[in-house]
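Scrolling down, you'll hit the structures one after another.
Each of the next two complexes has chain A plus one other chain: chain B in the first, chain C in the second.
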Partner chain A sequence: MFHLSQNVCICSTIIMSLHKELHRKYIQELDSHKDDYAYWLTEHLRMNGLYWGITALFTLKYEDTFNKEEVIDFVLSCWDDLHGGFGAFPRHDSHILSTLSAVQILKTYGQLDILPATKRDKLVTFVKGLQLKDGSFEGDRFGEVDTRFVYTGLSCLSILGELTPEVVDPAVEFIAQCSNFDGAYGMVPGAESHAAQVFVCVAALAIANRLDLVNKDMLIPWLSERQVKGGGLNGRPEKLPDVCYSWWVLSSLSILQSLYCIDQEALRQFIYTCQDAVNGGISDRPDNQTDVYHTLFGIAGLSLMGFDDLEPIDPVYCMPKRIVLTIEKYGRE
Partner chain B sequence: MLDDIVLPDSTVQAQLELFWDIVSNECQEGRKYLIWLDLESSKFFEFHSNDEEQRLDIVIYKKPMMKLFPTLLTVQNQLIADNWDWKTISRTDAQQTDKLYKIFLAIVPILFINNESHTLVLILESMVELLSIPNNKVLRLLQCLLTCSRNNINKSSSYWTFLRKLYSTNSFQQSIFIDTLIASATIHRKSYYCWNFASFFATIEFARGADLTPVYSQVKQFCMRNLDYGAWKVLCEIIIIMVSANTNQYWLKEFERWNDNNNNNKLRTPNNSGRLHQKTMNWAEQELFMLSNYIKSSQTESLIPLTIIKWVYDKLEL
Partner chain C sequence: MHGVKREQLSKDAKQRKKERDAFKISHYRQLTDSVLADKQKNIFNNDTLDETSRLLDLNPEFYTVWNYRRDIITNHVFSNLKDSQAAHTFILKELQFVGKQLKSYPKVYWIWNHRKWLIEQDDLFDLKQEMALIDKMLTMDSRNYHVWAYRRYVVGLVQDKMEHEEDIILSNREEFNYTTKLIEENISNYSAWHNRSQLLQKLLNSKTEGFEDKYSFLVKELSFLQNAYYTDPDDSAVWVYLRWLLSPFFLKDLPQDKRNSILNDQLRDIKELNESEIEDSGKPNAWCLKSISYVQKMMNQHV
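Take a look at the complex of A and B:
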């Protein structure tokens, strides 16, 4: 046995493979458990869950697992005609998070054009309407503001080819204000640094073509310090490692072209130990309950590091690279 | 339409009404603690006074609650069904508001299960307004949510945002919020949104002209027990505010945003509030010296809070 800091220990038995077929089966079956409570408990996250599952399947090179027409029908059934945008489930109110997931799914399946011009315009109006004067974005009319939503707004408009300086410039200014003394970023100006917030800020700056604003000399060491004994990555100092940070931290390092700053082989082993070797799926830490969120971010982390012959994933958009290549990049010739 | 919505049977409705009473009423025992237990029971919840801890324990039994959940979710989904807007019902129609109130009671327990259902939060906010639910009851509900035993609920960014919004648009006692944040931080160590709320709260309290000494004292006590980075950062922010009146401008703008059309709830100017309860640089130096010594002498695996103290020294140019 060897020990991770903060009382987590993982078995020294080295598991050398990613259980691709088990993970495919696990994701495929998530939608067939409609009689399970868990299915209904996650209704409010269904659009995000679908995006996580589809992106994991594409990264595993099992893109034909789901029936494409059924997926697109579900996405379109979540359209909120009153406010524009997409909800997490049919008849739910639209939110910027479920809207991005819907747009990502449509783009991944090459079906963005299925939206008629009127809906597309309404969608763009919905997203742009959530931006406040200071450049930040609200998630919906409830009014919560967070750098997560700035990234979500920019990513969504970028995929739709609708970014303009009027949107980008204030958003960049807001993100710049969220940078802390340690070089990392928080959810709003002055808020504690957090690796997931680092991802959304760095990725948003990448979309805006403004990575020059990142304090790389401070941020890269902060990100590399997220790796703990045992190989996993955490989100803040002294927190436990969690597989999802294999994405939030790694993608940030990848965008900053600094993946070499962490021990990739150790992280790979940590992700492997979080697999359910019987039923498939990946959990946050070894022996915990698996879920589709951690399954995607474990697989996506492995893809970023170039392991297991996975489909290359784009660190900014968290979508297959070959699909992201078709997105027009803002501010570049 | 509202009339078509099928409600749970009368036995369940009676339990739902009692549940709302318990989570929303003032607690004589001190405070409430809502805990989930993985046990079978004939009811989905029970409550009892915990004299030792000076609190009211509310126990939700997972198995009956999970059996009840699809019924409650069906009520919610009937409410948001196509082709009509429930928010247009007449407030003066007693029959309709009574039905809506019963729907509200069915929806409240879902808040303790689905942590980030944005639609549910919007429903709650609209219902509170339509049914004129008193703000102090909403505050107690949020307290129960944010101090409950389930981490995905007590760390919900939507619920913490709701608390900031409610705090901003009302005048409640300072101690209620201090109790909530310390109770939540104790249950869920290193809670990101909890300590961001604390930062917001200290900033606005100061700008409202309140004395930050009680907040400082409680957060300091917590820090002495926990080398929690977020808590120490807030402690240091409070020192900066008390000495220099230098506050986080973003939080002030957020407060103004929640009070966009409310001229009765404006903040004092920073200069005024600064004069009211300002501490001296000497005080700050003594505090920082004591805190540094505490960290260095404590048997801890981490010296991370020292980096935050260094940040205060730089910020105050000490």
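Take a look at the complex of A and C:
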């Protein structure tokens, strides 16, 4: 079989551990760095950042860390009534990415009903309105098309229970066109395969209940080959490993029920070595600067592999499994 | 945050950074407040356009401000221009602004997005000129995902304007030769191998010279590939491409004897390469082993 990972060496047999308490503290304090210029330069990512932080905390089983009311108030303050979606920060424009993060946060806290019917309807109209004739989705009214947005649109509508064949069928058709010679997927038809695009395409197909379209004989080996010396995973052939692929690659393999194809112990060690053991947080590679994005995807990867007694995470929605269980599955009896 | 070294600042250094940041923060917040306030009031004029330039220079990822900038361009700049020549002149200036941003931030989606939007607004735009910028950017980073996507997009626009099928084929040939050039420079360039696979399918469909016959093409392409895997047997890009050349996509149309001869030759050569790897390093090469097992699988499939 072709699935055996190769070139993997566990350089050290020392088993380190996940610094759960430090990571909790790191995430908790993210909103207190208001004297740091970078805090202000990242406002356009705040809603996504909040979703990454909250999902990491839930996975660490520290779900009471943030004040729920404050979180919900912040989310609602980012509502953009002109376009009918959520921006990343108050007064920012609606975008499909920040809208999904907002919906995920509300769902995770069991607060979807806090949206009045008028806003909810507007939101569904906004997301559906971003779908183009060829089944793809644009991120906002300015026409950027990417399989990321197809996933984002389907995930969002699925959480809201608003998927219909009129939306799903063309979207599936568009994704099918994005598969490549290596069995993996790119950003648009013709674009190079990339592990993060593989995740969005495979997860979107999972939501659409159309995993039968995946070329598993080609894709699964390609995914397993993302593991490089040192145990980490890269996103494309001949690139450096990066902790975020612990999510993009692993979640895809998990959806395809093929997690056995990589050396999980070696990946676990790689994620551990990317932790900041002093201040908490996880970085892309050892000794680099940490951020909440890599912190989530490191922890989420460990959860998918079943390590460290973490809350099980769902590989399709990147939310706690027990919450995803309450989402109605599309196209299944 | 990708590729930025972690640093532990001393107490003094932290204090100094805090003081430096305080000034920057106050400037940034004032500018942001002013831009967002003007945006809310739909103020579209030269002053607000300049204001967005200043803010985007500080933060090129501020998507809301890019949106506002496009609204200013549409509702103010374009509506006050007398003809498409004037629009063209404005867009060239705007592309310089974007070009400067791309130099510093070649991987920011929002900047690429704005560039695409701009050239779509310009009827007089010379797309060939754009290829020069793309070539230059791929010289700086031959794997930049955004640049490759943009290259295919621009080539697509060029081809959309072509009236004759032969011109489109010629353009695909040029792009195919470009991948050959990049691969000869660096066999690890998977982005080039990928683009080659895309162009190859188009050229095979067009039955143009050198691509009329799948078998002769395959023999030629395998010998090109063999040079690459002999150069660096640990390079993954090459082996993934080999797997495709030996997949049903190519083999299904070949007569049994030609199929067998291709698979037998590959099996022999890879085994030989593996033997020499064992001689050199004392252990087999993992990619050779995988590929041997793949070729054997393909042989069995076609018995």
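Keep this in mind: the second predicted complex is superposed on the first by the 319 of 333 C-alpha atoms of A that agree within 3 Å, B and C clash if a C-alpha of one lies under 4 Å from a C-alpha of the other, contacts with A are read in each partner's own complex, and residues count from 1 in each chain.
Please note the rule applied: a residue touches a chain if its C-beta (ideal position, glycine included) is under 8 Å from a C-beta of that chain, and two chains touch if they have at least 3 such contacts.
These figures come from a predicted structure and were not determined experimentally.
**Q** Superpose on chain A as described above, then tell me if chain B and chain C fit or clash.
**A** With chain A aligned, chain B runs into chain C, so clash.
**Q** Quick check for you: in the superposed arrangement, does A:289 touch first (chain B), second (chain C), both or neither?
**A** After superposing on A, A:289 lies in contact with chain C but is clear of chain B.
**Q** After lining up the shared chain so the two structures overlap, which partner does A:188 touch, if you call chain B first and chain C second: first, second, both or neither?
**A** Both partners.
**Q** Looking at A:209, would you say it contacts chain B, chain C, both, or neither? Reply first, second, both or neither.
**A** After superposing on A, A:209 lies clear of both chain B and chain C.
**Q** Using the touch definition from the top, say if A:177 reaches chain B (first), chain C (second), both or neither.
**A** Touch partner of A:177: chain B, not chain C.
**Q** Of chain B and chain C, which one touches more residues of chain A?
**A** Tallying touched residues of chain A, the top partner is C.
**Q** A:134 in the overlay: touching chain B, chain C, both, or neither? Say first, second, both or neither.
**A** In the superposition, A:134 contacts chain B only.
**Q** Taking the superposition on A as described, I'd like to know which of chain B and chain C A:28 touches: first, second, both or neither.
**A** Touch partners of A:28: none, neither chain B nor chain C.
**Q** For A:144, select first, second, both or neither according to whether it touches chain B, chain C, the two together, or no partner.
**A** Touch status of A:144: both partners.
**Q** Touch test for A:36: chain B only (first), chain C only (second), both, or neither?
**A** Second partner only, chain C.
**Q** Now that the structures are stacked on chain A, which of 1-9, 19-27, 271-279 or 289-297 shows chain C clashing with chain B?
**A** Of the candidate stretches of chain C, chain B runs into 19-27.
**Q** Please write out, lowest number first, the residues of chain A touched by both chain B and chain C across the two complexes.
**A** Overlap of chain B and chain C footprints on chain A: residues 37, 40-41, 43-45, 87-88, 91-93, 95, 140-144, 181-182, 187-188, 190-192, 194, 236-239.
**Q** Mind listing the chain C positions that touch chain A in their complex?
**A** Counting only chain C, the residues touching chain A are 1-8, 18, 21-22, 24-25, 28-29, 32, 36, 39-40, 58-59, 61-64, 66-67, 70, 109, 113, 116-117, 143, 145, 148-149, 152, 188-191, 194-195, 197-198, 234-237, 240-241, 243-244, 247, 249, 286-287, 290, 293-294.
**Q** So in the complex, which bits of chain A are touching chain B?
**A** 5, 37, 40-41, 43-45, 87-88, 91-93, 95, 97-98, 132, 134, 139-146, 177, 181-182, 186-192, 194, 236-239
**Q** Flag every residue of chain A that touches chain C in the complex, lowest number first.
**A** Residues of chain A touching chain C: 1-2, 4, 6-7, 35-37, 40-41, 43-45, 87-88, 91-93, 95, 140-144, 180-182, 187-188, 190-194, 218, 221-222, 225, 236-239, 242, 276, 278, 283-285, 287-291, 293-294.
**Q** Going by the contact rule set out above, which residues of chain B touch chain A in the complex?
**A** For chain B paired with chain A, touching residues are 66, 69-70, 73, 77, 80-82, 113-114, 116-122, 125, 157-158, 161, 165, 190, 192, 195-196, 199, 227, 229-230, 233, 237, 248-251, 253-254, 257-258, 301-302, 304, 307, 311, 314.
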